[in-house]
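One chain, chain A, appears in both complexes that follow, with chain B as partner in the first and chain C in the second.
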Partner chain A sequence: MIKIEHLSKNFGSLSVLRDISVEIKEGEVISIIGPSGAGKSTFLRCINLLDRPSSGSILIKGINILDPKIDVAKVRQKMNMVFQAFNLFAHISVLENLTIAPMKLLGKSRESAEKKAHELLNLVGLSDKAGSYPDELSGGQKQRVAIARCLAMEPEVILFDEPTSALDPTMINEVLSVIRRLARQGLTMLIVTHELDFAKDVSSRVFYLDEGGIYEDGTPRQIFENPQKEKTKAFIKKQESFYQHIVSSNYDLYALIAEVDCFCSRLMVNVQSRKNLMVLIEEVLQLFRKSTLSFPLDMTVNYEEKTEMLELLFEAPPGSVNPMLTESGDNGSALPAIESRLQSQEYRQLGGRNRLSLYLKKP
Partner chain B sequence: MIIQTVRESAAMVVSLSGRLDTVTAPDYEKKFDELISREEINFVVDFDKLEYISSAGLRVILATSRRIKGKNGKIHLANISGNVKEVFEMSGFAGIFPVYGTVAEALKMITG
Partner chain C sequence: MKQITRSIFTVFLSLFVLASCSGRHDVQSRQGKPLYASVEDVAAGRIGVLLGSTHDQYARKNFTRATILEYKSLPDLIMAVKTGKADAGIYNSVQLPELLHEQSELGILGKPLFSSSTAMGFKKGDKELRMSFNKFLAEIRQNGVYDDMVRRWMKNRDTHMPDIRSNEKAKRTLVVGNVFDMGLPFTAVSDNRLVGFNVELIDRFGVYLGKNVVYRNLEFGNLIASLSTGKIDMIGSVLAITPERAKSIDFSDPYFDADACMFALRKNIAVPGVDSGKTDNSDVPTSFFSGIVESFRNNIIRENRWKLIVEGLQVTIVISFLSALLGTFLGGFICLLRMSKNMVLQSAGRTYITIMRGIPVLVVLMLIFYVVFASVNIDPVFVSVIAFGMNFAAYAAEIYRAGIESIDRGQTEAGVAMGFTKVQIFLDIILPQTVMRILPVYKGEFITLVKMTSIVGYIAVQDLTKASDIIRSRTFDAFFPIIMVAVLYFLISWTLMLLIDRLEVRSFQS
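Moving on to the complex of A and B:
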């Protein structure tokens, strides 16, 4: 239904979207997720021509909508958009908000447009608000009117641009349940959202946007339960990372632990976990220092906000050995201090690097 | 880490404050080298103000103690509490050294 080929979008020298090619089939409900600034809304706005792509083509049922001869208003009728900020006409009633465009652009009679408007208000649970003005409605109600207004134009595709991000938590569900209902009716929808549970539940397909493109594309099950790529994994697990490249064994321990402490403090990591992490950093680095082959060493602290899991990951060059095996259990050994703080550990070779993953016990 | 020393009649009292870790363990070693070179052989190490000790700290205490023992001297530990106590217990150090509740108790024990 929609075929996007080599789509790119630049704002001046800033490249937001780079060479996106993807095909969207009729009836697919696609959630577009990803970090802020990944280009999710820009991607949607390019499809709707609210932002003109810098290059590439967008074919809708075989017609390239970037062709200069195309009537953009007609394109937008087929592909209507629901905005974060509702964008209702404040000076006219809810009913008029729903009828004005079908009458003016689709040439519908008032009677026919109003009949449809009442059906749609019923669909979004607002049949009693036809005579109200937008200012008399809550945020959730306004967004439901915006969805009904979008449907009034009988679009083939609906684009939702963060439809719940301007709403209070109490109002989010009422809007999401309306979108769920539409998804069940087989409408083709692209939804930019930060509501990951909703995306998992409602979509037939998920695009994870990052690095200027569709970084990972899959079913909700694939993306949420078994993401294949690093950034998708980090995003889904709400994982934050601190990375440090340690050039040699003459590292500045205090500067390092001060930076890690700052990272932990920003994420409000439990105080005991922080202390344990600092001990582990010092002790494990000491073990690595026993061999010059261990350096340069990459150290990453991963923190999963959702599960409060802290991982301390070391990646050492080829030829290095597992430092946990070089330590005897003698008096003064670092092992008791390390092992008493761990839930599990794993050592493996990956891509020519030796990876030691230490998972901290939860306090 | 700050290291302060006071000469009592029975022994040299070495008070530690701050962190005894990878970075500061060489300072501890250096201070004891200096004291041993002055023929000091009996020590009480006061941990009252020590906030943190790592295995590098434990190792340097053990290594220093062995050197002192080689000169027929002895090291006594006092005021071990909190995090430092936990580390001592976890590593089995509490059983290796004579540990006293206070510096005064340690000095009394040395005097006999």
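Moving on to the complex of A and C:
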């Protein structure tokens, strides 16, 4: 139904989306997830040309809507959008919000538009609010009206741009249940959302957006239970990372420690774990320094909010040796100090790199 | 509604009390100071004159120690002397008995200062019209009409025009610049028509030429400029022949010699001069209400003066409404330019707004009248509408822009996403919300406009303010006409406010 080919979008020199190609079939309910700034909203806004793509093509039922000859307004009538900020027309009543477009754009009579509007208000559970004005409604009610307003145009596709992000936690559910209900009716929907549980539960397909593209695409089961790629995994586990590339053995250890400390305090990592992490970094790096083959070295600290799991990951060039094994007989061995702080460790070769994973003991 | 009526009544009452109190004001007394015996006694004081008159020049030359205060019209000058803002004033002695008769508080001080010949003014090089006037003047001097006019106007102090066969149907017109509030015996408004020696003289000249005479009511200081730019064919006001004026206009043969006299408050004068025969009735005690009634009768009822007020009111309302209408639409267009993405159009809009907001509307009015439409015979009301409309547009454009920009971008985006076109979004979504937001500011700007129109008198439009000036020139009542006009302006503004409030309520409800 929607076929996107080589879609790119730049804002000035900032490249947000790079060469996206994907096909969306009729009746699919697609959740678009990903970290902030990954271009989720931009991707959605490119599809109905609220933001015009820099290059590429978008075919809707075989028609390229980027063709200058196409009447974009007509295309949009079949593809409506629900906004984060609701954007109800402030000067007219709820009922008029629902009838203005069908009357002005589809040429419906007032009676039939109002009849339909009342049906839709009933559907979203707001039949008693027909005469109210938008500023008399709560956030959740506004968003439900906005959804009804979309449906009034009888669209084939609905784009949801973070429909619950501006809502209080108590109101999120009332909106999500309306969307759930629509999903069951077979409407094609694209939903940008941060509600991962909702996405898992409602959608037939999930796009994980990162690095300017659809980083991973799959069924909710694949994405949420068995993600294939590194960043998807991290995102699903709500994992945060700190990464540092160390060129040679002459690095500034104290600057590095300070940055890691900063990362930990941002994520509110437990004080004890934080201390242990500092000791580990210092000691393990000392071990790596014994061999020049260890550099350049990549160090990553991963923290999973859900499980409070801290992982310290080192990636050394091929030819390097496992520092945890090199320790032999030298005076004042550091190994016991390291191992006493670890829950487990793992050493393997992956993608031509020697990876040492250290999992910290939980406090 | 009851409350509104009551508040109107209160406002009226307080203003009338103010009017009547100040009408019987106490003049600053000169206790302990010697009275004026001759003109020398005010030589170091404050002397009031008519701006740009020969009196003005004379005073500057001969009273070098004095502070010269220049006024725009005789009523203003009289008021200044009466309220003690000026110690004495200089004016034509032939006009003074008229005002001393009406206002016996004033008296003539000393002997006439100087005498000057007055003549009609013509455009430089307009020999034909000037010659025919000279010929006409010679003719009436010979056949006794002139002597009869002098006898009636100057000696008998008549206030009625004789019947002169007018040429109203004549296609050719003679546009004459005059100062309607100059005062008798030369030019004044009585019973809602122009009367006076000069008026009769010009009317007779019109008949002589076979032309329809059209009068333009100008400020004294604007007479020569209007003649030079072709707004009028001749100056018919009391204009003394001076070498300076002769440089920019041509004079006819003199038709009258006017003496200039100094006048001051009667109670400050030791020995009242030339004219003093009138009885002094200023000390007759008048009751508060009879004072109001008398002022009302004098300024409103007598000589049908209320008609002037009604006409002036109409002009003020017409100018206000039309210029607001013009300004509202022009403002929309300017706003469109200002908000355009095209840099050329945008800077055009920006420039217009900057210029129009940077120039006083009075100057714009004069520029349009005397420069832009210099050689076109154009209705000054039309010019006023254009000037005020252009001024209003600059402010309206910025009001609109602020209003439109205050509407959340999301409103537009929602419209776009639903498939509305840009024009539909503007008309159906943005505009109604903008109107609701800007109405309060717009209302204020509109009322400012109404009050600003009080300056149209400068280009010979007879509006409410000018009507009160003309009445003052006849009654020499300093306060009543001004207070009355204040009340009327207030009522106009107030009514308009109520009307727009209604509109506001309705648009919020819809």
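Keep in mind that, in the parts below, the second predicted complex is superposed on the first by the 353 of 363 C-alpha atoms of A that agree within 3 Å, B and C clash if a C-alpha of one lies under 4 Å from a C-alpha of the other, contacts with A are read in each partner's own complex, and residues count from 1 in each chain.
Keep in mind that, in the parts below, contacts are C-beta pairs under 8 Å (C-beta built on N, C-alpha and C of every residue); 3 or more make two chains touch, one makes a residue touch a chain.
If you're wondering where the values come from, they're calculated on a predicted model, not measured in any experiment.
Enquirer: A:254 contacts which: chain B (first), chain C (second), both, neither?
Expert: first
Enquirer: Quick one: classify A:282 as touching chain B (first), chain C (second), both or neither.
Expert: A:282 sits against chain B, while chain C stays out of touch.
Enquirer: Would you mind checking which one, chain B or chain C, touches more residues on chain A?
Expert: Partner with more touched residues of chain A: C.
Enquirer: Given the touch rule stated above, what does A:5 touch, chain B (first), chain C (second), both, or neither?
Expert: neither
Enquirer: Once the structures are superposed on A, label A:298 by its partner contacts, choosing first (chain B), second (chain C), both or neither.
Expert: A:298 sits against neither chain B nor chain C.
Enquirer: What does chain C use to touch chain A in their complex?
Expert: Against chain A, the touching part of chain C is residues 408, 410-411, 413-421, 424, 428-429, 432-433, 436.
Enquirer: Residues of chain B touching chain A in their complex?
Expert: 21-23, 54-56, 58-59, 62, 83, 87, 90-93, 96
Enquirer: What residues on chain A touch chain B, complex-wise?
Expert: On the chain A side, the touching residues are 253-254, 275, 279, 282-283, 285-286, 331-334, 336-337, 340.
Enquirer: Which of the residues in chain A come into contact with chain C in the complex?
Expert: Those in contact with chain C are residues 48, 50, 73-77, 80-81, 83, 85-92, 100-101, 104-105, 149-150, 153, 159.
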